[in-house]
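Below: a set of structures, written as structure tokens.
After this come two complexes, each holding chain A, first together with chain B and then together with chain C.
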Partner chain A sequence: MTAKIALALLLAASAGYSWDEIKGVMIMQGFAGLSLFSIFLLMALGLAIIFGQMKVINMAHGEFLTMGAYTTVFLSWLCESYAPGLLAWYFPVAMILAFFVAGSVGFLVEFAIIRHLYKRPLDTLLATWGLSMILQETFRQIAGARETSATMPEWLMGSLQPFEGVDIPINGIFLLGASLVLTVIVVINLYYTRSGLRVRATVMNRDMAGAVGINTRMTDRMTFALGCGIAGVAGAAFTTVGSISPSAGGLYIVDTFMVVVFGGAGSIIGTILAAFGIAQAQSVLEFFLSGVLAKVAVLLAVVFILMIRPQGLVVAKIRK
Partner chain B sequence: MNTLYRSMLGGRSGLIGLAILAGLLLIVFPLLLEPFRLNMMGKYLSLAFVAIALVMCWGYGGIMSLGQGLFWGLGGYCMAAFLKLEAARNIASEAGTDQIKALSTVGLPDFMDWNQITELPWFWYPFKSFPLTLALMIVVPTVIAYIIGTAMFKRRVGGVYFAIITQALCWAMEILFVTRQGWTGGINGITDLRTLLGWDIRTPSAQSSIYFMTVVGILVCIVLGRWLLNSKFGRLLVAVRDMEDRVRFSGYDVANLKTTVFCIAAAMSAVGGAFFVLNVGFMSPKLVTIEPSIYMVIFCAVGGRMSLIGAVYGTLAVSYGRTFFSEEFPALWYFLMGSVFILVTMVFPDGLAGAATRGVPAAWRWLTRNFREPPPAPATAAVKEAQP
Partner chain C sequence: MPNPTTRPGALSRIMRSVVMACAAIGSAMAVEDGWTNPVLDKFPTAAVNTTGLATGDHWVTVGQLHSVTGTMAISETGSVEAERLAIKQINDMGGILGRKIKIIQEDGASDWPTFAEKAKKLLIKDKVGTVFGCWTSASRKAVLPIFEKENGMLYYPTFYEGLEASKNVIYTGQEATQQILWGLDWANKEKGAKTFFLIGSDYIWPRTSNKIARIHIEKHLKDCKVVGEEYYPLGHTNFNSLINKVKLAKPDVIYSVVVGGSNVSWYKQLKAAGITGASLAAKKQLLLTISTTEDEVRGIGGENVEGFFACMKYFQSLPNENNLKFVAAFNEMYKDKYAGKAVVGDVTQAAYLGPWLWKATVEKAGSFDIDKIAAASPDVEFTGAPEGYVKIHKNHHLWSKARIGEMMLDGQFKVLAESPELIEPNPFPEGYK
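Right after this comes the complex of A and B.
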């Protein structure tokens, strides 16, 4: 971050910019890194629950994201065709609906597939890969193979100009806000409610949790559904910044897993830190290298750090 | 002799399974399939090397590698580099003058020319010699596997984490190969490969010889794999998979064991990649990314993660199904394949091999339940014959 600002300063100074313009460049560059951070965080939150807490390798996580995005697209189409007056306010409804659509599919998936595979975590990878193929093809059959996008309400378009020379896109702010609100909701849910307590108890010691009267099977199912629902909300939020296609989810899956693994499975704080670190590292490196090489450098750096610290950045205190 | 027979061929039942596979691949397929389909089988079989490697690494060793495409691809790229240099030399020596004029640098692969590279990069020099290429084809992936293995296993990174890290490494390699266009041919890969030491590999007769070479390679790998898995090394691998700490407490170097099997798997995969290039005449980074690597694991899972022979059948079945369905019913393919993966992992964790060795005898017993004395020997023979 600081390196980037220094470089931006240097560039700006050498080109003879005024102080206001330099300030503008700094703010906009910092915001680009924050946008990437919010994307990583949104992607990783659901997986931090499913993979981090439950140890299920959900390769179909990207498809739950896509599912939320398509729900939004569908709702925007519905509004546009039948109730154009509501177009300004459909979006919050779409996010809630995306949560329930992805969550209920997740509920069914847990019931049908995942619950048989808790003893064999690596096998969940294969089964969910199969699931992701089925879901992708379902999207393709229903929504078509072409990229689509939702119609955005007026208030999400355009950009803010807090002062001269600074352009901050509103959808970027919205995405950042959405990721922060969602994180807070997840943290409150996991650490400050009875249901979160049940989830953590089941993860830490399943037999003991069962012995004190927690319905561990139901807890598993609700946890998985919650993770999928959060992915759905993330997908809905993504429609503000880009278009969606049936196979879009697959593009994010490796990044998402790297964020969760790097942060330390089982720790939400770790996930936030990892998303921030990887996003900033990548946007700084993109200044020096081309975009794809920055990606490689970040991947290798993450692998290297994981080698030194196999448990990830933040180690959850769980007695095994 | 007797111990060798037991350990390498797996005794009588193992020998029957191997003989059926050999008969199918060496006699039945060449007789029944037209040259085009036979070449396709050769292509699939070059993927079966990876499936066999994964049986050793994942089925027995418990190390799931989602980046096996990396090693397969490196082997393939080594072979492709040699063939490409030969093709470039041939163009320089035999082609007409107009083609020479079209190239600014004679003897350089065409994609380098397109990317304004005027001198052969230093790491391309060894691929001028065939023996050196063969050596590098094995050595490069093995050394990389050794580095990854030592780094990860010494630090006790395993299971899911290892799988995700190998996946990321595989992705990183793909990005590098795609972006370094002048060195690797970029997204198109290395194409237009024609001759191997002056032997035109595109003629039908050459294609069928390469098919037979591939089959022999597969059989050698199976025998070698059996020998390894039946030795003390194989026992230790299973022990590491099932109870790693106990093996460590017994005084064995677990990291070393895991690294060794990972290196062997990498070398075996690399050989498969080289055969792939000979079979199809090109190499592309699209074949070595995340998705193909997951497919490789799926070949192994469908065939049976504990069966070397099963891995070959699994590869052939999935690859053939993929080609068949994407030709006939492209939409159905994804639904069908997705359900197969889910079903295999949930219902048949031992894949085709498990279904054959357990399901068929059970069915046989059920069918013959009214006849009290079916001799056991025909029952086992029936199992083996039903396996394909």
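Right after this comes the complex of A and C.
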């Protein structure tokens, strides 16, 4: 990697760029990698809980993300129409609301569909895929087929200029902050609270957990709802960088599974590492190659590494 | 298939009475529908419909084939609405050859095999003959062999990559050279642009367009060069690395052929990285696109695109009388849906031309037969086009103008320049392959 950067610098220098320009672009490029990392992390956190902890293959994960995004769009429209004064500060409220909207739908979905399928993991794949189609059509009926986007508060737009020639996008900083806060909340919740302990106990040994008095059904339901709620928050955060359409969820689902599987299902640390690795690799390759080639290279690398290490980067230690 | 029965005479007698009965019911229905053809004696059905199309004494049936579900519904809805408006207006004027138009609408569902299947249904089962439809090149390529085999006529509204001309298609949008060459000339002459960075979504239309653009820049514009060419997958949402590359290359023109949902991410991230219309203008740079219309800007938000330029043949803000009438009629017809704030883009306008051009052609040919329509199409004019005067070329594309619009905060475009003459469609440009 260092050799490559050195080579690039040499090329750049010979192409007549000044040192300041190269430095500026390197800083911005570093940040581009970080903001892609935060996007991957936000997408994958919810799934890391649902797929990683519960082993439910939730193909409708992207739709919970879309649900959170639509909640934000709806709230921004509401503010614009009835209370333009609140437009500057509706966004944090939208994120919290997105959590509860997506979370409660997740709660209902677990109750109606998922709980009947814990013993048949492949069937959850089909059931949740069907669910994703139903949800997409529902969005289309309610919100219309066109691409929409939320009106962003002024303070989220534009860029910071720490010095001449360097623009750091404010929405990127916001995304990074949101993903870090959310990760900390999830880790604390899973590893340092009673409810997290119950989740881990249920995952490791359902019968044993039930025997010691844990309500495993309720634990499942809350865990699934939590994962969906986090997807909702991620969706809300994405409205700062992208667009919303009924089928937008499908764009994210592949990358999301890639991150979670690559990181080693069941490990939050693994998810973070995988998100960071894939994001940096993709961002650097996009800069030196081209968009399509970068994607191909990253996918090949992931396939190759998973062939050598099928369990993913980090393995949760569970006694079988 | 040979008739296996030993008494063909009897069968044909039965068939004839069945046909007669159907015709009787059909004409009775037409009268019940409240419309009788005032000029039937002048244009008897036997004369204007010799190939068994679903065209009776009082009514003519056409097909409409767009995606109203799936990912392309976003783009195709405007076309569906514009075609219906044109057909309603034609019906209000008394129809075509005294016959009013009925529509059979099918949904291509953003899925190319479905388009092919529905095209077969419309042409073979419904016998509609003429179809207004398709949007993406992929859907057009999927139905083209069916239209050629079953001898139907497709009115296709989208600007596209060219390299195609069919007897069975009328292309009411621009082919690539009509949209690209004049726009590049404008950037070079009016803005003094010398260096171009070409960016596109990764499929046939952007790639073909950029190929033509590159050849034009390198061979036909003096001292100009391409300093970068990049493609990203459809639906891509992260453009930060690309934006950094553009910043380093400092092109005079960022030439964007990014389509669909990617557009929103692309423009939002440009703005977040400090690249706006104003910041580019300060450095004598500009962003020129051939893929962003009023329709897309509605999703992107005017604040993210203000000051960028687009090259199209039509903008909603065109001040001519035809266009004012068209936009008003569109708003009137869909007032419940858009509350008077309808957004009309380039393709929507091109879709509106379809039924009108078909009407003019049928009247010129004096027939609904597809062969006669195909033969009569060249030189058919439409003076009431919102974009101004248009005429069909013998290669079945339209002569039309090109225009440059500057994007405004409210999502509309300010028309800055237009080509002095109608530009000849040239789907197989020599020297641009």
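Here, the second predicted complex is superposed on the first by the 304 of 320 C-alpha atoms of A that agree within 3 Å, B and C clash if a C-alpha of one lies under 4 Å from a C-alpha of the other, contacts with A are read in each partner's own complex, and residues count from 1 in each chain.
By definition in this document, contacts are C-beta pairs under 8 Å (C-beta built on N, C-alpha and C of every residue); 3 or more make two chains touch, one makes a residue touch a chain.
Since the structure is predicted, the reported quantities are computational estimates derived from the model, not experimental observations.
Applying the stated clash criterion after superposition on chain A shows that chain B and chain C can sit side by side. By the touch criterion defined above, A:212 reaches neither chain B nor chain C. Once the two complexes are overlaid on the shared chain, A:151 sits against chain C while remaining clear of chain B. In the superposed pair of complexes, A:308 makes contact with chain B only, with no contact to chain C. Taking Cα centres throughout, chain A sits at the apex of an angle toward chain B and chain C that amounts to 60 degrees, reported as a multiple of 10. Shared-chain residue A:292: touches chain B and chain C both.
After superposing the two complexes on their shared chain, the closest approach between C-alpha atoms of chain B and chain C is 5 Å.
Shared interface residues of chain A, touching chain B in one complex and chain C in the other, are 137, 140, 290, 292, 295. Taken together, the chain C residues at the contact with chain A in this complex read 68-71, 73-74, 77, 202, 230-233, 235-238, 240-245, 247-248, 260-261, 263-265, 268-269, 271-274, 295-296, 298-301, 303. Listed in rising order, the residues of chain B touching chain A in the complex are 64, 66, 151-152, 155-157, 159-161, 163-165, 167-169, 171-172, 175-176, 178-179, 290-291, 294, 297-298, 301, 331, 334-335, 337-342, 344-346, 349. Residues of chain A touching chain C in their complex: 12, 17, 21, 25, 28-29, 31-32, 35-36, 39, 137, 140, 145-149, 151, 157-159, 161, 167, 169-172, 238, 240-243, 245, 247-248, 251, 283-284, 286-287, 290-292, 294-295.
Chain A makes touch with chain B in their complex at residues 51, 55, 57, 59, 113, 116-117, 120-127, 129-134, 136-137, 140-141, 250, 254, 257-258, 261, 290, 292-293, 295-296, 299-300, 302-303, 306-308, 310.
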